[in-house]
Structures are given as structure tokens and as C-alpha cells.
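Quick one: structure below, then a few questions.
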Amino acid sequence: MPDTLSLDVIDADGAIRETAAAAAGDTRARFLAKAGLLGGGLVGSSALLGLNPATAGAQGKSDIAILNFALTLEYLEAAFYTEAESMGALDGELALFAEVVGAHERAHVKALKAALGSNAVARPRFNFRGTTESASGFAATAQVLEDTGVAAYAGQAPRVKSTAILKAALAIHTVEARHASWIRDINDAPPAPAVFDSPLSMRAVLAAVADTRFIVPARRRRRRRPRRDTPPAPRFTG
Amino acid sequence: MSEPLTLDLLDSDGAIREALDEGMQGTRSELFRKAIVGGGTFLAGGLLIGGLPKVALGAPSAAQDAEILNFALLLEYLESEFYVRAVAGGALSGDVLAFATVVRDHELAHVDFLQTALGSSAIAKPTFDFKGTTANQTSFIATSIVLEDTGVAAYNGQGPRLRKQTLGAAASIVSVEARHAAWIRHLAAAPAYPNAPADYPAPAVLDPALSKAQVEAAVGATGFITG
Amino acid sequence: MTAARRVPGITGLAAALAILLLPAAAAAAQEDFALSEPGAHMWRWATVDQRTFARAAPNPGARVVARVSTLTPEKTPEALPLLARREVDGRLWVRVRLPVLPNGTTGWVLRDRLGGYQTVRTHLIVDRRRLTARLERRGRTVFRARIGIGQSRWPTPRGSFMIRNRLSGFNDPVYGVLAFGTTARSATLTDWPGGGFIGVHGTSRPDILPGRVSHGCIRMSNADIRRLDRRMPVGTPVSVR
């Protein structure tokens, strides 16, 4: 299975190229530019998300923010599944789920980081507070994380400006929905509980994530002391 | 769940219905005006020369959205009828019957939503012959997997062509189709896990997208649509 | 079916976490799950999020072995090596090494008093006979230095400890340019201010290294401590042999 997002994978059918070809005359160049596809023969290449450093600057600030939001969620999911796999509390189908889905989320992290390049936010520190260490805690948490991920991607899709990024987001979005359905099945919950899945705004998702307290806030710098003061020496035995 | 997808949200300026309900003549200049006000891409290309914007131009538009929604409606007609007949046919039992019943209701609701969004521009429901796949549980399962996976790929293929408000609606539907796909895959093969990774509910890191042409070809090949 | 569906988020997660607090129907004895595996060059540690008591056994009524606070004497987050986890009556307990005397004391704390689990693959091995310190990463030696250790009346204690903080920017030549704190305590300097913790640090007197020269701390040249700093994260286990 591919472990990077490549334009070939996203555009396997040529849909991007189909619409691009349909654009007449010099709108083609403008269309491609808008889609962030210009530069370095990216259409048809395996460059991640159809972007290379030359066109990375073409990503608007808004798309960068959306990608970093997605990256943060994927960091969280990936870390959750990775830890769960090593905590010895899962077996059977739950263990398989953690392994398979963890691999997907790690691949999503890798791809989003590569797409963002130096704009990628750093991986936070996590405290999963025991949810990776019991089967029931894991199962319940995984269900909420996946459902939230589906709602998060649905909320952002209409806000994405770059077509290449949108295609990638849609490709990830439905995989998260498959994850959600699977863990619900394992949990004896309805795999598809609603006719339409509700989107969530970025703010709502971030609030829900904050409520889990899974993300450990980066340690504040020590209280700033005036420059001329040096910290006290340690009082080890010496 | 109260609908996040009201018709207002989808067609807030009535552009879809206007574009298709009224005669093209009368609305041409209105459409141009709206397009120009809306964002400029229509200024380029053969628009002002040849007449109405061709949907194939690629830039999002109300008319293109309508075409795409009709494409989605066709697929939803297909799926809903498939499940209606399967549930009524009596060949399903247990968890598979429960699956088909829920999904039938979802697809019928999707049909209803799309018909409402398109109004009189909605295509009529075709006639179908499911070639016995609704009369046998094993065939039903295999067919359902293909229909759901294809539905996901179809929506993902069209998604980037939609105007943003329509995309929101499509996103809320496609994830449900993906849940269906994972669900039936799980029903089909869970006892064989961890073997059979190709049969997992989520078989790949990314879900592929298919073009309209590819979906039409795949659906055509089934012979399910008879008129 | 268009049933109302609650949006995932706070409520969902709170419910998920609440599941952890439900007592099990029967308190079945379970094998402890090892959180550190020296044989696989993998150790886990965690900060202490909430002050608590470490107990002799994983139950709220067991004898208290030590208080555990959230901060070290240097006001950095307390960090403890994690040995094992056990679920008892639906609650998770973790067996930790405690920074108390006698060295080597362990105790059980509730998992939810700890921070997120951190993993390290590095290991500092101090050989008191050869007067060397060696850092391994995944079992391979990546650093070596000659060291000073405690004089015989203030020996550097033998045992398994952990680097729990890193201090710099201070102005004391005894500690050189950089000092790491460990969870090891001097067994002789029990009245030392700050608790008598053993450190690993630089020195303004590299000329007396290697040797048995200190009050217990492990000293190396400033150049060596800088090299070590580039390779050794906080949380690294320290074996003093």
C-alpha cells in the first residue's frame, strides 16, 4: 500500500487532468496554477500532494492552517494507536484494528508533514491517561477519535482552496469514516448511525480535543528572569 | 439529527434551480452576471463567445453542480433500489438483513435529499434489473461491497469539482457511504481476519477517486440499469 | 432513519474515560505488564502530574512507601522510571522506582497521577571500577568518557536510576557547564541540602579525573558532558555498577 500521498494515487483516474484538459486556452495555465500544480512537471509525478518546494509557497496561509489542523489530529491518532499497540492490553480484533488503523494514521502523518515541509507543526507530547492501557478504554476512545476525525475533515473540506490538497483531504476523510465504522462494529455500536454525517468546525474539534487533555501543553519557559540573574547552581552532592 | 444539509445551504442563491428550471435564453445574462460577480473565472475562456458556460469547462458552477448532483442521484437511485429489493426479497437474514435495512433507509433519504435539491431538474428514476444479486445473500454481499466502494470513489472524484456549499453536502454523504462500505466488508470477511487485508473495512491508506467516465463504465458493465 | 445523533466530542470522551473507573465485577489477579524492557533497550518514564503517595502494593489501603511530588528540588518536573502496570478493581496502577533512600526503593502509584508515557532507548552505564561512563543507544555504545566518582566515604551508590533533569546556565565551577540530576541519593550525605541527590556533570577540574574525587556525583570534563548532552535525553536510565 502506498505510504505517501502521491498525485498518482489521488488522481489515479486523471480527474484532475480531465478537468484541466477541459479548460480552454490559456485558462489551463491559470487553472493549474490555482490548483497548485504548476512547476516541475508535477501532474502525473509522484510528488506528495502535487507540491514541490517551488510551489509550496503557492499554498495559501489558510490551506497551511487546515493542513496543520489535520496533521495535529493525525499526530494524536497515530500516537494513540502506536502506544496502544505496545501497552499489552489489546488482543483479537481490537489489536488488529490498532495495528491496521495505526499504520494508516502514521502514513497520514508522514504525508501531511511532507506536504507542509517547514510549515509543519511539531508533534505534541501526549498523555493518553490510561485509555491505551485497557481494552474498554481503548475501544471507546478510538470510536470517538475516529468519529471526530470524520467530522473534522468534513468541516474543513469546503474551506480548502487548493484542488490537490482537497483531493488528498477527501481521500483521507473517507478512510477515517471506514475506521469509525469498523470500531463501532467491534463495539457493537451502529457503524453508520446517521443518514448524513455532521461536520464540525475547527473550533469545535479543537475544543473536544482539549477536553480529552490528551495533548500535554508545551512546557512554558521558566519564569523569565532578568538577564543579569543566573539560575542557582544545582544542589547535588557534587 | 437535524439536517445540516438543508436545501437552503445547498442552493442558497437558488442558482441551481434557476439555471436549470428556466429556459436557458432568459437566464443567460443573469448567469453571466452572477458568475462575474461570483469570482471571475468565467471571464476567461469561450464563455462570452459561444453561449452558456459549458459544464466541461471545469470551474465550479451551479450548472455543473446540478449535473454532478444528478450523477450522484443516479447512483443513489441504483443503491436504494438494490437495497429495497434485497430487503423485500427475503433472501437476507441476520446481520446482513439488518445492514441492508439500515442502508436502504439511508440511500432512500439520500435520494430524497438530492431530488429536493434538484427540483424539476432531477433525473427520473431508471429501471433496474439486478440480475439475481438481490436474491442470494452471497451475491448481495459481493455486490454491495462494490456498490458502496464505487459510490465513495465517485463522490471523491466529483468532490473537487463542486462549489463549496455543495461540497459540504457531498462530504456529509460520502462518509456515510464509506461507513456502509466498511460495514459490509466487515460482515463479509471478519471471521477471516487477520488474513485477507484486501477485505478489511479500510483496505488502504487512502480511498481512490474515480472519474465520472470510470464510474459510468463500471456501472454500465453491471447491466443493472435497463432504462 | 434520521435519528438525532450527538456530535462526538466532550461528552463522548468523558464517557469513554468514565469506563475506566467502573470497578471490575471480580478483582482478578493479573500478571503485571512490563513498562520497561532492559533486554530490549527500552525504558519508559513519566512525569508526575499530581502529587500522590507511592504504596507497597497496588491498593489504596496499602502501606505508604513515600510521598511523590510533582517537582524535583530543582523545581523541574519530577520524572520517574516506570517498571510495570497492573489493573486492580478497574483502576490502573504503575510500579515506579522512587527517588528515596534506600536506593532501589519501588512503590505503586495510580496511573492517572502520572503524565504521558515517554520512551527512551538510551542507557548510561557507569563502571565504578574502571571509572568510565558509557552511553548506549539501542544497545550500541555511542559515547564513552573517563569519570570521577565519589570518594570512599561518600560513594556513588550502586543501582538502577534515571536522569530526571538537565540544568544549565548556572555559575558554579564545581558542576562545570552542564549538570544532569538523577534519582540516585547519597546514602551517606543524608543531610545534604536538597536531599543529597547524585548528579552527572561537568567540572572545572578535569585534571583530577579519572578518580574517586567527589561527594558522590559523577563528573566528567566539560567537553565530555557537552558531547553526552547531545546524545542523552532526560529519562535515560542510569546503571551504576
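Chains here go by letter, A, B and C, matching the order in which they are written, and residues are numbered from 1 within each.
As a working rule, contacts are C-beta pairs under 8 Å (C-beta built on N, C-alpha and C of every residue); 3 or more make two chains touch, one makes a residue touch a chain.
What you see is a predicted model, and the numbers here were worked out from it, not measured in a lab.
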Intersection of the contact lists for subunit B and subunit C: A
Farthest chain relative to subunit C (centres taken as mean CA coordinates): B
Chain closest to the middle [Cα centroid of all protein chains]: A
A-C or A-B, whichever has more C-beta pairs in contact: A-B
Rounded Å distance, subunit B centre to subunit C centre (Cα mean): 56
Chain centre separation (subunit A, subunit C; CA means) in Å: 32
Centre-to-centre distance between subunit B and subunit A (centres being mean Cα positions), rounded to whole Å: 26
Residues of subunit C engaged with two or more neighbouring chains: 1-3, 5
Contacts with two or more other chains, residues of subunit A listed in rising order: 194-195, 198
Sequence positions of subunit B contacting 2 or more other chains: 1, 3, 102, 105-106, 109
Residue ranges of subunit A touching subunit C (in the complex, touch as defined): 83, 87-89, 125-131, 133-134, 136-137, 140-141, 143-144, 147-148, 151, 193-195, 198, 200, 204-205, 207-208, 211-212, 216, 219, 230-238
Subunit B contact footprint on subunit A (complex, rising order): 1-3, 5, 9-16, 18-20, 22-27, 30-31, 93, 96, 100-101, 103-104, 107-108, 150, 153-154, 157-159, 163, 166-168, 170-182, 185, 190-192, 194-199
Subunit A-facing residues of subunit B, complex: 1, 3-5, 41, 44-46, 54, 56-59, 102-103, 105-106, 109-110, 113, 152, 156-157, 159-161, 164-165, 167-168, 171-183, 186, 190, 193-194, 197, 200-202, 204-211, 213-214
Residues of subunit C that touch subunit A when the two form their complex: 1-3, 5, 7-10, 12-17, 19-20, 33, 49, 73-74, 77, 85, 87, 92, 111-112, 115-118, 150, 154, 167, 169-172, 174-175, 179, 181, 186, 189, 192-199, 201, 214-217
